[in-house]
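A, B and C are the chain letters, set down in written order, and residue numbers restart from 1 in every chain.
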Amino acid sequence: MKTMRILILLFCFLLSWPVLGMAAPVSEETETCLDCHRLVTPGIVANWEKSRHAQITPKEALKKDKLARKISVNKVPAKLAKHVIGCAECHTLNPQIHKDTFAHNGFQVHVIVTPRDCVTCHAKETSQYSKNKMAHAYQDLMGNPVYKQLVETVIAMPQIQEGKLRQSPLGQEAQADACLACHGTIIQVKGLRKKETELGKMSFPVLTGWPNQGVGRVNPDGSVGSCASCHTRHSFSIAMARKPYTCVQCHKGPDVPAYKVYSVSPHGAIFKSQAKSWNFNHTPWVIGKDFTAPTCATCHASLLVDENGNMIAPRTHQFNDRLAIRIFGIYAHPQPKFPDTSVVRNEQGLPLPVSLTGEPAVKFLISKDEMQKRRQRMMKICQSCHSQNWVAGHFRRLDQTIKETNKRTLTATKILLKAWQTGVEKGLPQKGLLFDEPIERMWAEQWLFFENSIRYSAAMMGYDYGTFAFGRWYATKNIQQMRDWLRVKGNALQKK
Amino acid sequence: MKTMRILILLFCFLLSWPVLGMAAPVSEETETCLDCHRLVTPGIVANWEKSRHAQITPKEALKKDKLARKISVNKVPAKLAKHVIGCAECHTLNPQIHKDTFAHNGFQVHVIVTPRDCVTCHAKETSQYSKNKMAHAYQDLMGNPVYKQLVETVIAMPQIQEGKLRQSPLGQEAQADACLACHGTIIQVKGLRKKETELGKMSFPVLTGWPNQGVGRVNPDGSVGSCASCHTRHSFSIAMARKPYTCVQCHKGPDVPAYKVYSVSPHGAIFKSQAKSWNFNHTPWVIGKDFTAPTCATCHASLLVDENGNMIAPRTHQFNDRLAIRIFGIYAHPQPKFPDTSVVRNEQGLPLPVSLTGEPAVKFLISKDEMQKRRQRMMKICQSCHSQNWVAGHFRRLDQTIKETNKRTLTATKILLKAWQTGVEKGLPQKGLLFDEPIERMWAEQWLFFENSIRYSAAMMGYDYGTFAFGRWYATKNIQQMRDWLRVKGNALQKK
Amino acid sequence: MKTMRILILLFCFLLSWPVLGMAAPVSEETETCLDCHRLVTPGIVANWEKSRHAQITPKEALKKDKLARKISVNKVPAKLAKHVIGCAECHTLNPQIHKDTFAHNGFQVHVIVTPRDCVTCHAKETSQYSKNKMAHAYQDLMGNPVYKQLVETVIAMPQIQEGKLRQSPLGQEAQADACLACHGTIIQVKGLRKKETELGKMSFPVLTGWPNQGVGRVNPDGSVGSCASCHTRHSFSIAMARKPYTCVQCHKGPDVPAYKVYSVSPHGAIFKSQAKSWNFNHTPWVIGKDFTAPTCATCHASLLVDENGNMIAPRTHQFNDRLAIRIFGIYAHPQPKFPDTSVVRNEQGLPLPVSLTGEPAVKFLISKDEMQKRRQRMMKICQSCHSQNWVAGHFRRLDQTIKETNKRTLTATKILLKAWQTGVEKGLPQKGLLFDEPIERMWAEQWLFFENSIRYSAAMMGYDYGTFAFGRWYATKNIQQMRDWLRVKGNALQKK
């Protein structure tokens, strides 16, 4: 009977483990936060309570086997080591650097936790992410005069003035509702304002560009990026970041149809069919055991091992160190050397990695050797589930498709250049805007929507997007239409 | 040993609970139905057996704690109280009112169970739903001459007659396959017809407009609406109605892209990643415990409490009593005062809540005060998981985007008006149709597809749909195209 | 105490069942494969280990109740009967027929396992599939001169030559990235090539058209089709093939929007809400018990019974034997008699099942009687969950919509014919290409995108796709645009 009782006790204990786990020590400061916030923002607190942050102290986390660790420093500041990571641990870190710090019930609290805060425990990831184009997504867009013009022509207000159509750009708040939602806003502190709350009058910082969770957000502490873009507040979950639903937030549109392509690919089909029995929390992530088809994270970020513990790929938050070619762009091209791409200049002096007629700006792009290395890393992952022969065939076809799309873009560009030369629309030669007239928009759709879609389809085997759905059907149709529209519009203008 | 045996018995008992639960008393009438229908429609019976209706009697349901109740009357007719709700309980209720009642194996059965039947136990929900525009969706569309023209121009047959393109509207059965699938058909009884069945010849009513599950269906008992639109037959599940997959049935198209926007929003990402561990059946629905990100129902319908049982929002089936502004429309505008919007008249006398040039028909719309109240209700929900500051910023930006979209629609409208003035296309001035020519369609897409999409994107943070995917890219491009097409087509016509 | 111990042992035994199941006997040959491939392709091995193939021997499988069997022969070759189906069992079968057989560590291995291999155990399914149009998808596309032209105009390279736009078709490798990804490539063996591998230099066959998993793949053993299109490697799962995520791989695009339509249908909504508690492995598949709403497989393929074991539909891999009408096409028409549709000729001699002006090529299409039979089979499935009256109404409306779409296509065709007659674009009369000019593309979109979409919407109740999303909005708009564009372009050409 005694043995039985022990067994039953053990069973109950195991069942209650997650609940007992909650008993991990919470700091006094965080307890103070929780006292009120359990009432005023119950969802945040409940979400956090389910997070790993709430369940383990850094001190305990450091005892884990190296590959199993989610923490990437060898030592955590003594003050932080012995309690779980709660409200106060993050929101009161480095108060002097944060321009959004404000006095709040006796604490110096800042609103926006940034990579400069997260670096305390996640140094390696933060450092890698700083080399990721995504961290520089604001500058890469708005610091590039061509792309800035694209933004300002798209996020714009056309109005009829004196019988003519005039178009004026809208400001950051409108951009924040579109491009900058993903690219990130600049968050600035404009003083403090008193507000009525459930617990009486209180002061809070006035922030412009907020709310925003863009990957390249420019934070009030001067840092760039937001870890919460993928590790959603306040669960900061690795499981969630490993699921494609995280990526879909910015990668569904016709410009970067990564999720859409994935969702019709064999990998996506397997994910959707079988993921409910996969382990998205296990670290390192074991191919075949924890999952049987890749998600976005598998190929682009995660630390992968096989069932015997052999390393297949180390973790990276740079994301393009397994990628040789950037398939997104006017033309596909070797990955840029540096994550801040606003400094790139092509042979025409435009801030683009490739000239308008297709010549890459080689000195800003990675070398053939580096391309080879990065592709090898990716191929090694593919070869976990596909034969070498299969993988070679896949990449051979992808390379050919990339050439095809670049060549077709050149044809579209030639039609655009002719429209400019003949003055049917006004562009570079007339110092006109690049994206404000119909043929210009058709040209932009050629590469931004159609050729990009075809390349993503080829890369990830989601072939509907290489065929009818914004694929070759539209790519070849669009060029016919550009040609005919140029003729018809030219004729109409001549008449006038 | 004895204790052990008891424990094991208890364990077995718990395991068999759901099965034992099925033993809830079924009425004799329903047993008769089941006898045959288990054979002829096994799927319906199996579905019903898994429903809550099959597992609890109203008498037992009334004993539940008030907030936990799914039943909203204080007393149920004695005849119904002591058996579970089965076939006969609903399909033989109020036989005299139902024009679709027919004699069927000794019962007076009606085909279509309506809100007037459901009201017996769900009085509050039915009453709320009667104030929901959705209940009036048929009249709001087909009883409005402008929208009726839209339907008849879209659901139409263009034909070449004597060398000219003529377009004629199609009837209700074609409309039932498109607009009325969601808005609801009129269901009429056209006598009885004998049919061969597995169990011999039988008579059934001949119904026009059937099948249909539209939210504003006009039923043979004179009532409007269909509870089964969201609480799908024959499980009538609250869990299902709480999941966005219910709403997607009518809210995916470019006109009301609510689901698409949600699916790329942070809320959608969390839902898709984590919902498998949420509790969609628990009532009241506990924020943070039962779920950690909102679905459609959370914000627009559900009874919400926090973990301490504090009420965050009462249940509503009106849906717009947490909404200040109607973001769907030619122009966004304050919510209409009454759910039957076909009675609205703008200053031009058209049945629209806003004039063609943007002035709201204020006397048909809710007041500033009421708007404030409704927004407060929504904000209270947001503030469960977001700071007050965050929420204020979100709504400030949304308001600005709404203004932006209205202003852009005005520009498009001015181009349309010019097309009509110059006679390039025929519209209001010529007493022509509003939606049957290319510039008219472009104008309609401006608000119906693009500006609506931008507003939904801003409201629910699904920014791809505010940017490239039917967002600002198309909104600004479309206006350029309208201008150029007007010029080109005008030129071609002049020539003739 | 003894009883307790036995109970606990039993419990442990049950828990370990899946693991013990793995102890099913693996052949010596397969063990040899696994020795290396566990290292070089760990994902494949892990995937296979979870498969049914790895868990049961054919001998054991043959003992199952007939309806529960996944194997459809009465006897399996002795050599294969006593081991589970592993690497060697499939990849070394019929080595003499496979042109892709190569010497590999002492085995004669072939790369591509084909239906001619699978037939060994799955004879009935393979035979049915050979009557499925899908098995002939390569020939049905590329062996049909009209469709081949469509492929070659879409998968093409437009280039400016001497100031003119010329378009040239791209080859099979580009097609493999688009149309042939689903339709299947021709896989040819071009000798052997030595490659460096993790285990030293090895020879592998050089294959063109590889990788490819298209449903109508032309295999190196002369067979057509790929079972792995739906039963994904290397789990070959029946559960996966029963989920719509398998079908989405080829049926999402605007041409065949089956998945999109399903995903907004009531069936799709129920699937997405409730499928996590369904049993996708059980055979035969029990309506109401194993699932409560159909997936693609339910209606088009699966063996279905009710809870009492009554047969509702036998398994089929032909897929159209429950379908009377082919709703995909220039015009919807009765299903073709034979799966190789490239032999069909319409009254104009074109390889199309219907003439350009809508007359069906009756002698190549199934009879009214056969149509009736097939529809009855489908209706029987519908009637599991819907009343006879409901089902009749559904199909009546579908038939009407099919007529509507055919009639609208005729109008679009008349505009196209006029464009050709007046020489605005060059087509059949001028022996020009059919799909290379704007009005021709608009015409193709009329049926390929819009009318198809409307028909799929009507068939599966995903009404957004019959209304705004590529539905009647676009169908009626497109015809207006064709008319106006013909006029405007004609005018511009005249001018020149």
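Simple rule for what comes next: contacts are C-beta pairs under 8 Å (C-beta built on N, C-alpha and C of every residue); 3 or more make two chains touch, one makes a residue touch a chain.
Everything numeric here is computed off the predicted structure, so don't read it as measured data.
S.K.: In how few steps can one go from subunit A to subunit C if every step must land on a touching chain?
M.R.: 1
S.K.: Shared interface numbers for subunit A and subunit B above half of all numbers used, same, or below, different?
M.R.: At the contact between subunit A and subunit B, which are copies of one sequence, the residues are largely different (under half shared).
S.K.: With centres defined as the mean C-alpha position, give me the subunit A-subunit B separation in Å.
M.R.: Roughly 33 Å separates the two chain centres.
S.K.: Note the residues in subunit B that touch 2 or more other chains, in rising order.
M.R.: 1, 4, 276, 488, 491-492, 495
S.K.: Once bound in the complex, which stretches of subunit C touch subunit A?
M.R.: 1, 4, 8, 38-47, 49-50, 111, 153-160, 165, 167, 170, 173-174, 176-179, 181-182, 195, 197, 204-205, 207, 210-211, 213, 232, 235, 237, 239-240, 243, 245-246, 248-250, 252-255, 276, 436-438, 441, 448-449, 488-489, 491-492, 495-496
S.K.: In the complex of these two chains, what residues of subunit C are touching subunit B?
M.R.: 1, 4, 7, 263-266, 268-270, 272-274, 276, 287-289, 292, 306-308, 310, 383-390, 393-394, 397, 400-401, 404, 407-408, 411, 414-415, 454, 457-458, 461, 463-464, 466-469, 471-473, 476-477, 479-481, 483-484, 487-488, 491-492, 494-495
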